[in-house]
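Two complexes come next, and they have one chain in common, chain A, joined by chain B in the first and chain C in the second.
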Partner chain A sequence: MIMLTGVLGAISGVWLAGLIMLGLGLVFAIVLLVASEKLKVPVDPRITQVYEVLPHLDCGACGYPGCSGYAKAVIANPELLGQCAPGGADAASRIAAILNLRISASGPAKRPIVHCRAHTADRTYFAQYQGIPSCTAANALANAQACKFGCLGFGDCVRACKFDALHVIDGLSTVDYTKCTGCGACSKACPRNLIEMVPFSYENMMTVACRSRENGKSTRAFCQVGCIGCGLCAKQSEAFTVADNLARMDYAKYAPCGENEAAMNKCPTGVIVCRGKTAPPPREPKAKSAEAAKG
Partner chain B sequence: MDLLYVLLTGFISVVLINNLVFTKFLGICPYIGVSGRIDMAFGMGLAVTFVMTLSGTLTWMIDHWLLMPLNLEVARYVAFIMVIAAAVQLVEMYLKKFFPPLYESFGIFLPLITTNCAILGLCLFLVVWGTSTLIEAVVLSFGGGIGFTIAICIMAGIRENMQMVDVPESLRGAPITLITAGLLALAFMGFAGII
Partner chain C sequence: MATDSHGRTTFSRGVHPPESKHLTEDRPIEPGPGVAELSILLSQHIGAPCQAAVKKGDLVQAGQKIGECQAFVCAPVHAPVAGKVKELALRPHPVLGRCQAIAIEPQEPASPTLPSFSLPADFDPTRHTPQEICEAVRDAGLVGMGGAGFPTSVKIQPDAKPPKHTLLVNGCECEPYITCDYRLMLEWTDQVLAGIRLAQRACGASKVFIGVEDNKPKAIDAVGAAIKRAGSGSDIRVVSLQTKYPQGGERQLINAVLGQTVPTGGIPPMIGVVVINVATAAAIADAVLYHRPLTHRVVTVTGEAIAKAGNYYVPIGTPVEALIEFCGGVTEKSAKVVMGGPMMGLAIADLNTPITKTSGAVTVLTRRQIGQAKFERRQTACIRCGRCLEVCPENLSPTRIAHAVRSNLLDVAQSYFISACIECGCCSYVCPANIELTGYIKTGKIFLARQRKKMPA
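Up next, the complex of A and B:
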């Protein structure tokens, strides 16, 4: 009998505790329910839709922290539509469809071109740089290498690249176009502004792989493969112009044709090269191959 | 006057002498995790203070007016955790509505306040310390939050300055942070016995 009351008492205690907890839970549930109704923040369903069509690389090329940040920004301000470089025209048109916008055809995807083709053996050094192994640091010194315009080869761009598409090969930053998404991080990282984002209208683009505005004599003294501003290319093809001792390519006028081929073959220092997925290796400079023939 | 004296000493005690982080080693997760930048640390401290005051008061009321009269002290832990979880949810909704930038910058750490042991610890300490009046419970739980804020802000200030210091390779990152935390705790032991 005493045992029975004990058991009953224990059960009633448990019941009481359970009821109290149930009641407390109910009170809090009601409070939270009311609060969630009162404090509801309407979320635009298009944000998730736009986020879905983005590439989810979180590369930051658009200037926003990650793809979700860009999704919010593009809905607030549709002018930002074409900012997603890795997504390209495909993502832009799909976002436009979600936002009920019509976009005119956007240009070809941009890819980086390094405006330098000098490997370590081609360069001249006045002294050996032994400072912080970063291009930004080396660029602060006047004499990190003789050429004040060329690639320093410490790989600031390589560290900026999230897609393993850039490597410093023998002192020269080289783009792997099969891996590149065109986000432009390398272009921003280069302290010498050597990396230009070029609209790749064709699989391979011809370019003047030099940025040296030194006069021809100095350029020749500093680098085996620099542009000396001789103007032979401009005589062959309209796509080239020479100013400040440097030939430049107008990419809007470029097409793979005989004239441009001729300009490339005429170049005495071989600084006009093709860049792209299936680009042929750059030509040897005339002087060098002549020397080689002599030797 | 007597009450004021009790409240004041209680407040100083819970902020400096019985600081939850430095002497009880509670709430170490956000203390290490969110102390990278001083503005984030301050925001986190304020959020914890708010949740701590709210849940400390609520749990004291539930404990004293509901559980103790019914001899249901065994249900304390479950009830307290429920109160804290609900309070955090409430704070989260409130911040999302009225302070979206703060909400964004907290990220995952805001829901993690739920599992911040400093808060449950304080609610249980209120019982252990024999807090007898409601006003005392409010002041002590507010003081607990302030103590946490002071701790995390000191830590964030030190860590911000430490970024410019040449720390030995093997100590970089977590090790030097833990060493700093230990030294800080030692320093706070100096407050023991001032009241």
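Up next, the complex of A and C:
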């Protein structure tokens, strides 16, 4: 006892405090160590494995809060396999390997196509829109621009894109296919439902870049590059159908063949365009190029 | 009844913009222009759009039903004049932008003649059964003519639950500039009153109040005198209300006249009240007593940029351009055309937009007025002055909702009751920072609707 007092007395106040803290720390560490072993919650190791495979972009395209949410969901319900758009077929096959599943051949990856090709100069405006700079707000007004179907160019889709793959260029929302992951957020953001997620069977896809169901006369009055529903394309290639004053492309029937090229070249307004990583720029409408040749 | 500190019947909050009714209030209802083409929009009401019942090239008679649908909440459309169906195509719509329409080429593009309405000497609403009235109203394609366009037959249908105890007739016309309802109350008083009594008979309400703002003393007197003429048995009262915007909003009107509050997210029938506009009442009388469908309406063409402002009786489907042309044309001064009044009206850019059943006015504003209004001046940061809270008739916090929408925080906007907003525009009107508060709230509502549709549960 005398010795202990002596030892304590020999240690100065600072050292004493340090030793007590050290002792306390040791005791708590032992308690935590025991608790972590005793109260362990078993975690499915596959969740971590699947999470590692996913692209860690947390884009929400799958409908779950982030990649970890999707990892949990896909293990619980393997039918969700392939919902990860940015990961694509690669991620799907690796998840399948982890979960010991066999996947059927997946279709081509989907990429967005904007069904409008009109830039500001091509469009008709009845008046100047000065309201809130958002497509949704402008779309709620009757005539922010004459065409009720075309791109408004206020960039609701640009704000929705997490990958910097969309830009409004000269009043038209334009996809940068080198950056696009196909998550589909833009397609959900567009108040006019102009952005369609299309399976890209080829590097470039041909499409009718218009959604106007106006008759030919009105479409011409509102836009220089709108589809007037003339039906010339449908005569050239069976991939095109015309209904409701509007031509549509059946992507399942599309192939980069001469017939489709001919349809694209015959189109009087140049509304049939190619979209994709290496797509050529769209052709000028016939009336415009004739004018240019004259002038 | 709810009153303010001076004893005037009113709701709490709201604003009082310059009334500007002097331009047209002394102009009697005159026939409008004759036009070469009428576009009858197939969606002029809340509910399912109509299906065209005629084809291109068909000859139609005046008053013939040319579009209808089987849905319960729907109102058919009729041809205002005899003529030929020119085409079925998309036409400009003041709300939807473009909408399927029937274009009619009148046989003779003559000015419409003012209808003659004489109350039958033996007029007695009890001679019509409620079902009869309701059916006649539905056949005539009646919708709320004050602006919302809810099918009237659904509103006044008998035997609805809960039973209706009160019929409120909206003669407030609180929007600046507009005077079409005022002129109706002055000139077609008997017809309005007959319509009110028929509506009362249909919905079975025991009490009837006609709410009129106190800046229209002549209308209050005229309607009061007509009630007296109608004699005993009429339990109809005219209520003079404080001149304040939005006195004519149905939730505000109910609060002012009855002291009751319609539950948030609810509609007046839930508390046993039916609200109809005076123009609708006049149309009810026409529909039930003379079986005339709703094919014409009174439109106030007004604004400082209009040379010959006035109240005109025009066929539905008349393009706004023809109306403006008739009133002196688009002048140097004109800068913005609004369908309706400046507070809640919809700016239109395509002047081919036709008059619909719900358009009570065409207001042409000048460049100077738009400069005074918010939207051409720059928007600045919110200074937290709270003026929008002081004027919001629904006791909301517009600035918080608008900022939540701007930051894409829709759940926050919902926690501030974004859907309770009636979009009256008072907050935008008073905002010293020129923030488009109502615009943001409106946009937020669309975002929410889209979200609900895209993400089930």
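One rule holds in what follows: the second predicted complex is superposed on the first by the 255 of 295 C-alpha atoms of A that agree within 3 Å, B and C clash if a C-alpha of one lies under 4 Å from a C-alpha of the other, contacts with A are read in each partner's own complex, and residues count from 1 in each chain.
Following the convention adopted for this analysis, a contact is a pair of C-beta atoms (placed from the backbone, for glycine too) under 8 Å apart; a residue touches a chain by one contact, two chains touch by 3 or more.
Just so you know, these numbers come straight off a predicted model, no measurement behind them.
By the touch criterion stated above, A:K148 is placed in contact with chain C alone, chain B being left untouched. In the superposition on chain A, contact of A:A137 is made with chain C only, not with chain B.
Applying the stated contact rule after C-alpha superposition, one finds that A:A252 touches neither chain B nor chain C.
In the superposed three-chain model, the partner touching more residues of chain A is C, compared with the other of chain B and chain C.
Contacts of A:A121 after superposition: neither chain B nor chain C is touched. By the document's definition of touching, of the two partners only chain B reaches A:L32; chain C does not.
Residues 89-90, 92-98, 336, 346-351, 353, 375-376, 436, 439-440, 442-443, 446-447, 450, 454-455 of chain C touch chain A in their complex.
Listing the residues of chain B that touch chain A in their complex gives 62, 66-67, 70-72, 74-75, 78-79, 82-83, 86, 89-90, 93-94, 96-97, 100. On the chain A side of its complex with chain C, the touching residues are 63, 125-127, 130-132, 134, 136-137, 139-144, 146, 148, 188, 191, 213-215, 218. Those residues of chain A lying in contact with chain B across their complex are 13, 16-17, 20-21, 24-25, 28, 31-32, 35-36, 39-41.
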